[in-house]
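For reference, the structure discussed in these notes is given below.
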């Protein structure tokens, strides 16, 4: 199978993630979409590692996973706090700061 | 030693003025006497200088005095220097002589005014400025005096400026003069650009090399200057209003001296006008127009001072005409200037004397029969009258007839036109001056009970008598053996060959006398033999009405300059606020406005922010793509 | 499969980062184990000690440079040392502001308005997690401009970002706003890191290497797939542009600046800019330098839009912190000019500008922390009216900072602007200089408006006061003031140092 | 002896001293400030005496490296024009303090701050004229806006803050345009043999005519705003109307001169070719300024705004003189700057006294002052006469030189400019008539005349105006060699008189 197809998939995943961030209201879902985008990037890295024939891309994937995990910790902490204060996880409700 | 003297002519009255102004009220008690002494001292210096000049041969009489280098930039070099020659000494003596007399007169005339000291300070300042005008050795020095007398005139016209109309009159005079000054400064600029110098000597030396066009331009500009200062057409409108000043001022400044500065300027610049015939012709035409213009106004005025002012305008018209006739006319212009100085100053002082006795009433229709109450005033005024209408052997006869004669002698249509205008002017002069004398001194009394006409004190009639003597004798003295012509010859260089006489002097004299007689006769019929109403009749011809309104000169200025000027000012005020500043403010508003519009992109919704990022990403990729293509 | 080789690390060069990380870990321990009484003072001293130690170490290694300090992952050279030094300086000033615990919630986990929250405040139990968080962020900021490959770059990015997300939510007053800002910052930050990572993937795909040197070689060689390069540049830039707050990736800036506790805003605004621009300079000046034809026009456009947008919108602001946020957007635009210049002068100018701007920013926000009423800080511009009368000290300093932002001579801002603009002009980019100057003029408008409000408007009696600054806050703002003026009047020593030191190893 | 640095440090030292004084006692601050300015004036005169008139090079030069990275030097020195303007600044400073004795009291802040600002401003005024390094010039050019901004906004009246902002933004905008040109010159100098900001070195740069034109515009617009030349003038009336009279004197008398000074020092010497290109346009602007300023002055109802508009007209004359490119025009323009400083000072100070006594700046609120306060009325009259360039007063010499110098090269401009002297009579005599003449208007009966302190303040101004009117040589002799040098540097020489030109052919 052509490696390029993986790139297409990755791009598709990334796009889905991006669209998800823009259209979904629930903070958790939005965050999950971001994770999806990170994983799309991971897929690209791995694919490129394959194409380029070196391991660096795969190493990056591991780093990404770790970083993503950290992000989850921080992110969930923030989202939970917000949820507790507002009784809502909708990102649209948090719009006091504007203009 | 002698060459150090001329500055004292100016310095003495200037010092007097400074002492009085800076000394303030402390000098109230003796200020007027001090000022008079300063003026007299200046006259003394002038007289002494005259004797010295007389002792020299005609070509060596001029005295120059260089004081210091005034302005020197590049080739533009102007010294503060004085030139006392045959022409200026005439003026010096006229200014200081008549000036001193008027100082003396004013001591009495102004004795009740608690600002008398200030009045004398101004008078002294005027004497100094006027002397600088006639003594400066370059156009720029002349200019300093020129504006100086304008300032003095402004201050004196507005001496009683608590009255708004008087203050306005003063302003009007200054501004009309400034228009003339603009001409003078342009003339100086052209002279410098053309000839590289602005001193009289320098200009005279190089005048032959310059193009006629440039010289004509200089000449016309000098003429503009002269029309402003000498109240000639079309800048004549201020003179009538200038009568707002105290009467001695009218006598000194607005009759005898300052207003004749235009004649001085043109005569002094004879070398330019002689080389620029067009400009010279323009001078003559302006003179002719004004002499008629003033005369016509003079017929319609009931205010004694305004009638005399109109007469002044007209008489200066004669002088300008004379000066515009070229070498043949300069001497007569100056002669008429000097004789006019005597008789008109005398008549003004007479008018002042009348007003003094009549509670400052100026309307001649409220006078009548005053000769019994003011015999001396009547006598001196009458002698001045005879002089101005040109009855031989009084002074005006000699000077005016000569101008008419020279005008005819220029020949051709020009000669006939100018000469006829001058003749006609003589007739009208006779008419309106007779009218003034009759209305004031003859006929029935028309004043009300409050007035107690009485003769003025000695300090006032003394100067009047002296001036009357001048009015009687000066004409004969000046013409006797062509004294004045020969005296002035080195300055104005009359042409050696006499032009053909179109009309012989005798015929001119007879013609003139006939016309004068007609004028006098008409006036007698109209004002002595019939009743004079106390209020000016309303049912008069359009011509009279227009003449009463100064031939619509103010209306003209108002319609052509003031109104459009005011409209323009208002327009520019609005434009400045709304267009120029408006543009600036619009830019500021636009900045704030666009800020306000742009900030609406900040909706507060995190998803819209994400949308921006997505759009930005798409844009970025697209842009980089396009750049690469 | 090759045998495992021990990585060779040059610890002295990495020491600044390691010191800060160590300090952060100690802080975490302290937070967990130390008694409440000594905790604040212990945390503060640890933090200051750490930062100063790190700064001393940076100073000691200032003349060294090496690409191999961490197996090619970290470049220690003039540019990174200057950036690290600036970050540490700014961090010290920032921590001086953070030390005023009045700004931070005692218990972040408590519900806003709950009894739990009240109790924690009344009992004086103040959690001090802010210090280790700051140190972690600083560590990331030290690493970010020194990163020499994509992995380190990404890790550093997250390392500096994650603590900041949390710090933004720690405000004591107006906690809803603070939490909202944290959420927004986090979501958008994570979103942009995804783009960043995706871009990194494509750069890797293009060059077959994650190291900057490898990418540079590939760009010079020109053998790779240009589409990958373009996608890589575009997406990677998004992550960086987001961090510096360039339009259209700026949207988080005003909200977060306003919502976050002001000392955090100060630290974040100043230090993040240094770190992010440090990284940006390295990437664009080394890895992507030879592809400048691809990115320079686009970056120029972004710089122009950023400058103008920031300046225009700032005019319309009514809140001091938001106004400063938009002003920081405009300044990001000015700094981009330095990046685009792509010459030595541009590098020097950018570093000077970053230092000057960072210090001034700390000072400006420092003054903002002082203006309060009974419910906390007052940031409504209207209520700043007459501040000059009430507190000449605070108002004068703030005015000086604003004038520095506006680039008035005798302040550091002017020298910064001058050097940036001249570098850009030297690179032949005349248009951007003109736009830069124009937006400076627009920007001046709102800086001056604030001065008008402070000095020329009559004070309103609504309880707005200027608190007596604590010693540390006073230290921070006066130092910032002194530096701002010093760099404006005698910039020569600093400029000389930067010029002779700044260098990007390739 | 480092004269110029000393001159610049002295006011700063004074400001430092004032800063240590107690805030409560404004009299001490004032006395200290007055003493400082008098010392500075004395020192400047001592320096001026040593000025070599015939040496057209910079004198009293000092040069120290300031920011070597950019080749920026702290380089100062004076030529004739700079010397004249520095003299103007330091002479006006004590007069302003003396005349505006109580100006500082009505402000938003303490009198102490007022005098500190004035003294700092004095340093910058000296610096801006003395700088021979373009960068240093720019620093002073912009930095001096700040004290003036606070002086207007903090101590002015009426729409003071709006006026202050307008002033600052306008000037800043112009300054930034100039900054672009300065940067461009700097970069260019780097390409042609080493980065420098030295004015003399920059004047030797080679530029294409297009480049030169653009750089020229950058400088010129900045200076045209500063001067101000139509249509960049709208900030001036607002600022002058809002500022205290003393500040206005410094603003119109000195600060605006930086614009015209800059035209000579920078536009002409750095870009001679562009100057040639733009001269017609600039002359048109100058002539418009003359007439336009006069018209608007005539239409004003506010005394301070009126004076501001007269200045716009006068600045038109100065600009015209500069770009006429003749020695008369140049010397005249330089002298004009000096004279205008004094005649505006006279006008503004007396107007300030009138306004503070009457409590209104509306011309219509005055009337009959000549009867109530004769000395004050005289002084106003005198100042007015100086403003309309009455011969015998100093402004006449300069105005006439400008006109005559312009006429030799650009007769049309000069002729239109001459109209300005008629309009000057209008805009001066109208307020004189309304305020001084006529019956005493209600509200003016009890006004007090000038006191001794005010007389002492105005006396030197009167002395200078009269003295230089009759004997301008001391100043002209200093200015002339510099003026000739400048125009010859710009590639011009005086046009020959027509008769000599003909002979030449």
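For clarity, chains are labelled A, B, C and D in written order, and residue numbers in each chain start from 1.
As a convention for this text, contacts are C-beta pairs under 8 Å (C-beta built on N, C-alpha and C of every residue); 3 or more make two chains touch, one makes a residue touch a chain.
Given the structure is predicted, the values throughout are model-derived calculations rather than measurements.
Undergrad: When the contacting C-beta pairs are counted for C-D and for A-C, which pair yields the higher total?
TA: A-C
Undergrad: Mind checking the centre-to-centre distance between chain C and chain D? Centres are C-alpha means, answer in whole Å.
TA: Roughly 44 Å, centre to centre.
Undergrad: With chain centres defined as C-alpha means, what is the inter-centre distance between chain A and chain D in Å?
TA: From the centre of chain A to the centre of chain D is 65 Å.
Undergrad: What whole-Å value do you get for the distance between chain A and chain C if each is reduced to the mean of its CA atoms?
TA: So the centroids are 25 Å from each other.
Undergrad: Roughly how far is chain B from chain D, centre to centre by C-alpha average, rounded to an integer in Å?
TA: Each chain's C-alpha centroid was found; their separation is 37 Å.
Undergrad: Scan chain B for residues touching two or more other chains and write them down.
TA: Within chain B, the residues that touch at least two other chains are 599, 602, 604, 606, 610, 617.
Undergrad: Which chain A residues touch at least two other chains?
TA: Residues 18, 21, 30, 91, 94-99.
Undergrad: Where in chain D do residues touch two or more other chains at once?
TA: Chain D, residues with two or more chain partners: not present.
Undergrad: Sort out which chains touch which and give me every pair.
TA: All touching pairs, sorted by chain label, are A-B, A-C, B-C, B-D, C-D.
Undergrad: Taking the touch rule as given, give the residues of chain B at its contact with chain D in the complex, in rising order.
TA: 68-76, 80, 140, 143-144, 146-148, 151, 158, 161-164, 167-168, 170-171, 174-175, 178-179, 181-182, 185-186, 188-190, 192-197, 206, 209-211, 214, 568-570, 572-573, 576, 580-581, 584
Undergrad: Tell me, which parts of chain C touch chain A in their complex?
TA: Its residues touching chain A are 108-109, 111-112, 150-151, 154-155, 158, 162, 165-166, 169, 175-177, 179-184, 186-187, 190-191, 193-195, 197-198, 200-202, 204-205, 208-210, 254-255, 258-259, 322.
Undergrad: Hey, which residues of chain D end up touching chain B in the complex?
TA: Per the touch definition, chain D meets chain B at residues 166, 170, 231, 233-234, 292, 295-296, 298-299, 326-328, 331-332, 368, 370-371, 385, 390-392, 396-397, 400-401, 403-405, 407-408, 411, 414-415, 418-419, 421-422, 424-426, 429-430, 433, 436-440, 470-473, 476-477, 480, 483-484, 494-500, 502-503.
Undergrad: Which residues of chain B touch chain C in the complex?
TA: Listed in rising order, the residues are 588, 591-592, 594-596, 598-599, 601-602, 604, 606, 608-610, 612-613, 615-617, 619-621, 623-625, 627-628.
Undergrad: Inside the complex, what are the residues of chain B that reach chain A?
TA: For chain B paired with chain A, touching residues are 599-600, 602-607, 610-611, 614, 617.
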